[in-house]
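What follows are several structures.
Below, chain A partners chain B and then partners chain C, in two separate complexes.
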Partner chain A sequence: MVSLLRNQKVRNALLQVLYVGSLAAMILACVMIARRNLAEQGITSGFDFLYKSTGWDVNFSLLPATANDPYWWFFLIGIVNTLFLGGTGLILATIVGTIVGLARTSANELARLLGRTYVDIFRNIPLILQVFFWYALITHLPTPRAAHEAFGMLLTSRGLYVPIPNVGGIAFAAAILAVIAAIALPLWLGRTSRLSQPFGERLGIQLASAATALATAAVILALGRLPDVPMLDFPALQGLNLQGGLRIPPEFSALAIAIAIYGGSYIAEIVRGGFKAVGKGQMEAAQSVGLSPWRVFTLVRLPLALRAMLPILANQYVWLMKATTMGIAVGFTDFFMIVALTINHSGQTLEAIGILMGGFLAINLSLAAVFNRINKAIALKGNQLRG
Partner chain B sequence: MNSTLPSGPAVRIEGLDKYYGSFHALRTINLSVERGERIVICGPSGSGKSTLIRCVNRLEQHDGGRITVLGTELNDDVGNIDGIRREVGMVFQHFNLFPHMTVLENCMIAPMIVRKRPRAEAETTARRFLEKVRIPEQAMKFPGQLSGGQQQRVAIARALCMQPQIMLFDEPTSALDPEMIAEVLDVMVTLASEGMTMICVTHEMGFARRVADRVIFMDGGEIVEEAPPEAFFTSSRNERTRQFLSQVLGH
Partner chain C sequence: MEMVVVAPPAPGRLEDLKRRFFATPLQALLSLISLAIMAFIVWKLLNWAVFSAVFTVSGGPEACQAAAGACWSVIAARWRIILFGLYPFEEQWRSALACVAVVVMTVLSCMPAFWTGRRIALVWGTGTGLYYVLMKGGVLGLPYVGEEAWGGLALTLFIFVTTCLIGFPLAICLALLRRSDLPWISRTTGLIIDGVRSLPLISILFTFAVVLPFALPQWLQGDKLYRVILGSALFFSAYQAEIVRGGMQGVPAGQEEAAMALGMSYWQRIGRIVLPQAMRNALPATINQFVISFKETSLVVIVGFFEILASGNAAYGTGEWRFAYVEVYAFIAFIYFVFVFSLSRYGAYLERRMAVGER
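Showing the complex of A and B:
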């Protein structure tokens, strides 16, 4: 018996059994305690509540919503809102970060100073303060009657009003898919045809595919157009309020701006690091064969910097996606706020939090998976040590 | 810059000065390289030899004096710089291949973009030069998948694909394992025998003896001695040259 315990394999197996066993016991205990407590409070656990109507409304939704809709539909609205806010925030943060990051690597001293100041300020102020700051600023914009107007958009204290096409919901969704295809297709073609197509022709094929996809989007929009109304629905003042168009509420704008500016300061550092990681030698070689500064940048510096940035960028994106839960601070109905409201109204705390956690896991794991795929696809082949 | 060039030296350097801050890296260098001439520049580390050849294609800016390459003066005129870079190929100590492009793409990109060659022609040229540096079978591989010697030969092919009139070599074998040095030097010898104008910074004294028309010895940012290889290696009377040679050839 003693000799058996001295056997390494037996020891390892025993430890495993002990570990898994105690974990299972803990989970079981938690479930039993929760069930007893819930029963005492008269709450029936389970997911039946998902099919009941909520009886409350949301202040912003991209999907049609009424108080009669069931909880599962509201969860979907929350996820779509979170994705919309997260997507907008990530894109804006990337644009801000790229500009500031490039400024920080610039040869111009003033640009470097501005970039550094930006990062120093916005990276060191808590995100929630920045959200409140932008929210306060936006809610102090002029009233609808004195709205700032530009390109058919109206900027007021009640939000940003943008024109929307008078198009059926399905056609609109299909058109958005076509626009996404117009961006994705050229990128994909660029990857798959790099060896078989010349640089010039490759660009032609990419442009043609993008044009085709955009044309498809236009056709879908034209076909899905609602009868007897103009193509675009412009917001306009009627009485004391604005009618028509899509209202982007101040909550959303404040969050998107805060995420863009705060996230941008982190992304700027990632961009700077990426460009610093590109060897001076590769750039000198590109210069020595006569490539222009612009070509050196687009063909050598940027592609190599992107490869250095991507893994860290993916990490940052996952982080920013989670930052959308700040929505609850200013009252934007993101996924987290919907779950919080659900808990208040239905008392189904464990189930609702379980759905929240599952939802965020699904969003962020998909995001990470996409980035891992891209990362793997463009990774430099072979050993990068020189000599 | 057109292809029918005026006669005169390939590279003429007159009174060249270069500073790094207060450090005087090159002191009044005068050097003329004829078309088809093979020059080897040697000297202890920090003597300014790399800086000198990097000035020839403006990877470094000179602070005083004149550099004229193939009849064009190298100054702040961007057109002149681009024109000269098109005609001057360079091979680096650390190869500096583009790691995200295949060997073939490395060789095709500049001819296609800078010289506006059609793809088919650029590929034919690239394959011809890969053949010449004896690695046609590696065309579809990435630089990271090749040995150092192979990478350096690709780097030579990449420069040759621009069909330059002058080639600069900046210590092309210094980062290589001993058994790979020969394969790179062989390619350089072939190139020399075909009449390419070459300026090589190298410590390969065997190569200098075999190929060079002139050997230039630099120390402390100055050209100390300039002589045909035979005279340079056997009958140099300069103290610094003799000391350097005894260190390089001593073992």
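Showing the complex of A and C:
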């Protein structure tokens, strides 16, 4: 027996079996105990509960939801809410981060100071504190009767009311796509090598494409317009409450603002790092071949900086997605809050935790996969890699 | 013929300003915009926080609410609850002293003189022990105060310190296991680390606080506070393990091979050759992780602990101070800012200091 233990191979195999085995045994024991405890409370394990109706309601949902809907539908609502909040926060944070990051790399000392102050303040205060702050601020706004008004929007303690166009859902979505195209087309035309014109002489085509896309959007909106109502639906006071317009609940805006500001301060640092990573020689070379400052920026500095930023940015986005779970602090029904409510109401603890893990794994992995694709697509090939 | 060398005129103050801020029209515009933004914010902030603010409690909440600026009286009236939570009033000096012990411990461990395994363990052991005795009492004539009464800043610091204290050794273990030559050990550990990293911290805290009591036998459950600390330490260690592993990868392979050639055992190689160099490589990222986990202690408010954020909510949430939420949050934000900013500045200083050695 002892001589067997002296054998390196046997010892290694034994060690591995012991390690994996004890971990597996621990997890198994936990699951067994949990199942027994839950069974004592009359909760049968299994995923049958997914088809039962919940009996409770959610306060925010992009999909139609009632208390009669089954659990699996609520989980879907949670995931959609998380993705919607995460997506909004991610876009806003990227905009904020880009502006602040550019300020931090600017040649102007005052702009740099401003950017640095922003980053130092908002990076060093916990996100959840900022969420609480914005939530308190919004819910302490005046009641609908005394609402602040700006550009047809109403700021009240019940949320932000914005005017929406009175058009059908499909037409609205199509118009949004057209507006996105109006931004994306000129950018793509400016970079593609499929046009015969040289890069400097494309302004006309770019402007024309943007104008066409915007015109298309306008036509779609005009065609999809609902009959017999004004083009824009403005929120207005009726009785004690507000009617019309689109209500953005305080929970959502507080979270989106906090994620935008906090995430923006992190993204600003990533943007700054990306620009710092661009070799000085590259820019000097671009200047010495006679490119204008704007084109040095768009053709040399920005593309190189983007490549340096992207992997870190991907990590940050995954982090921001996970940060949406703060929703539970202010009562926004994101995926995690739905899971927590499910555990409270149905007692299906193990299954709900499993769904939670699976959901976040799926979200994180798909985000990572998308960014890996982008990263690979824009990676510099061959000898361009030299710094 | 004599050459006359004339030095270029030293730039006057005005010219210097002009060169720095108004070199081109674009720069001038940018400077003016930045200046305007700064002046606006600074003026508004000063006006709110200092000039029109109320500092004394004498007028009571009503007088305070009428003021145009900040109402700092809420802090004057409620600072004890924010800092100490529900800790018994006469014993709050202990809570304050415990906070000081933790701060001193952190400052000491930032000094290079304490950067040996034994000394740092001694400092952290003493600091945490002191904190625990002071807070819990029951010995040396100090009345006993149970964990459920701990709160405010003291609880925040306790969670942070114990998270690091448990998480750091765990992180080194995980990193070593993941680096193991035995494929099944490294794979399983990798799965654990990546699994924990892919989950949000809140979900882990929730699992440890609410779900774990179902899955553990009675005698293993312990207090909710310690379960949550364990969860937070697990999360910390999963991230820190990757940092330590990154640091180990930065140690040239020749170092370990040379140690092996000298006949050193595994533990000697790890303890004397690899880890010291790896920790040096990993130090900036480690400080950053400490900063992040300090901020993340605030998440325990969600699983129902009375730490500084929750006690802040309570401080303005009751009755007459309901309107003064901005001041309370500003106060808590300032406390966090002081801790986090000094830690991250220290990290930046360390990074510069180490860069000197590498040139």
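Note that the second predicted complex is superposed on the first by the 278 of 387 C-alpha atoms of A that agree within 3 Å, B and C clash if a C-alpha of one lies under 4 Å from a C-alpha of the other, contacts with A are read in each partner's own complex, and residues count from 1 in each chain.
The rule is simple: a contact is a pair of C-beta atoms (placed from the backbone, for glycine too) under 8 Å apart; a residue touches a chain by one contact, two chains touch by 3 or more.
The structure displayed is predicted, hence computed values, not measured ones.
Undergrad: Of the two partner chains, chain B (first) and chain C (second), which one does A:Gln282 touch, if any: first, second, both, or neither?
TA: In the superposition, A:Gln282 touches chain B alone.
Undergrad: Would you sort A:Leu299 into first (chain B), second (chain C), both or neither based on which partner it touches?
TA: The first partner, chain B, only.
Undergrad: Scan A:Leu291 for contacts with chain B and chain C and give back first, second, both or neither.
TA: A:Leu291 contacts chain B only, not chain C.
Undergrad: Report for A:Met357: first if it touches chain B alone, second if chain C alone, otherwise both or neither.
TA: It touches chain C, and chain B stays clear.
Undergrad: Does chain C touch more residues of chain A than chain B does, or is it the other way round?
TA: The larger set of chain A residues in touch belongs to C.
Undergrad: With the two structures laid over each other on chain A, which partner does A:Ile378 touch: chain B (first), chain C (second), both, or neither?
TA: So A:Ile378 only meets chain B here.
Undergrad: Looking at A:Ala34, would you say it contacts chain B, chain C, both, or neither? Reply first, second, both or neither.
TA: So A:Ala34 only meets chain C here.
Undergrad: Please identify the positions on chain A that touch both chain B and chain C, taking each partner from its own complex.
TA: Overlap of chain B and chain C footprints on chain A: empty.
Undergrad: Please give the residue numbers of chain A that touch chain B in the complex, ascending.
TA: 194-195, 198-201, 279, 281-282, 284-292, 295, 299-300, 303-304, 307, 378, 380-384, 386-387
Undergrad: Given the complex with chain A, which residues does chain B contribute to the contact?
TA: Touch list, chain B to chain A: 57, 59, 82, 85-86, 88-90, 92, 94-100, 102, 105, 109-110, 112-114, 118-120, 140-146, 148, 151, 155, 158-159, 162, 175-177.
Undergrad: In their complex, what parts of chain C are in touch with chain A?
TA: 20-21, 27, 30-31, 34-35, 37-38, 177, 182-185, 188, 192, 195, 198-203, 206-207, 210-211, 214-217, 295-296, 298-299, 301-302, 309, 313, 323, 325-326, 329, 332-333, 336-337, 340-341, 344
Undergrad: Within the complex, which stretch of chain A touches chain C?
TA: 12, 15-16, 19-20, 23, 30-31, 33-34, 37-38, 103, 106-111, 113-114, 120-121, 123-129, 132-133, 136-137, 140, 322-323, 325-326, 328-329, 336, 339-340, 343, 349, 353, 356-357, 360-361, 364-365
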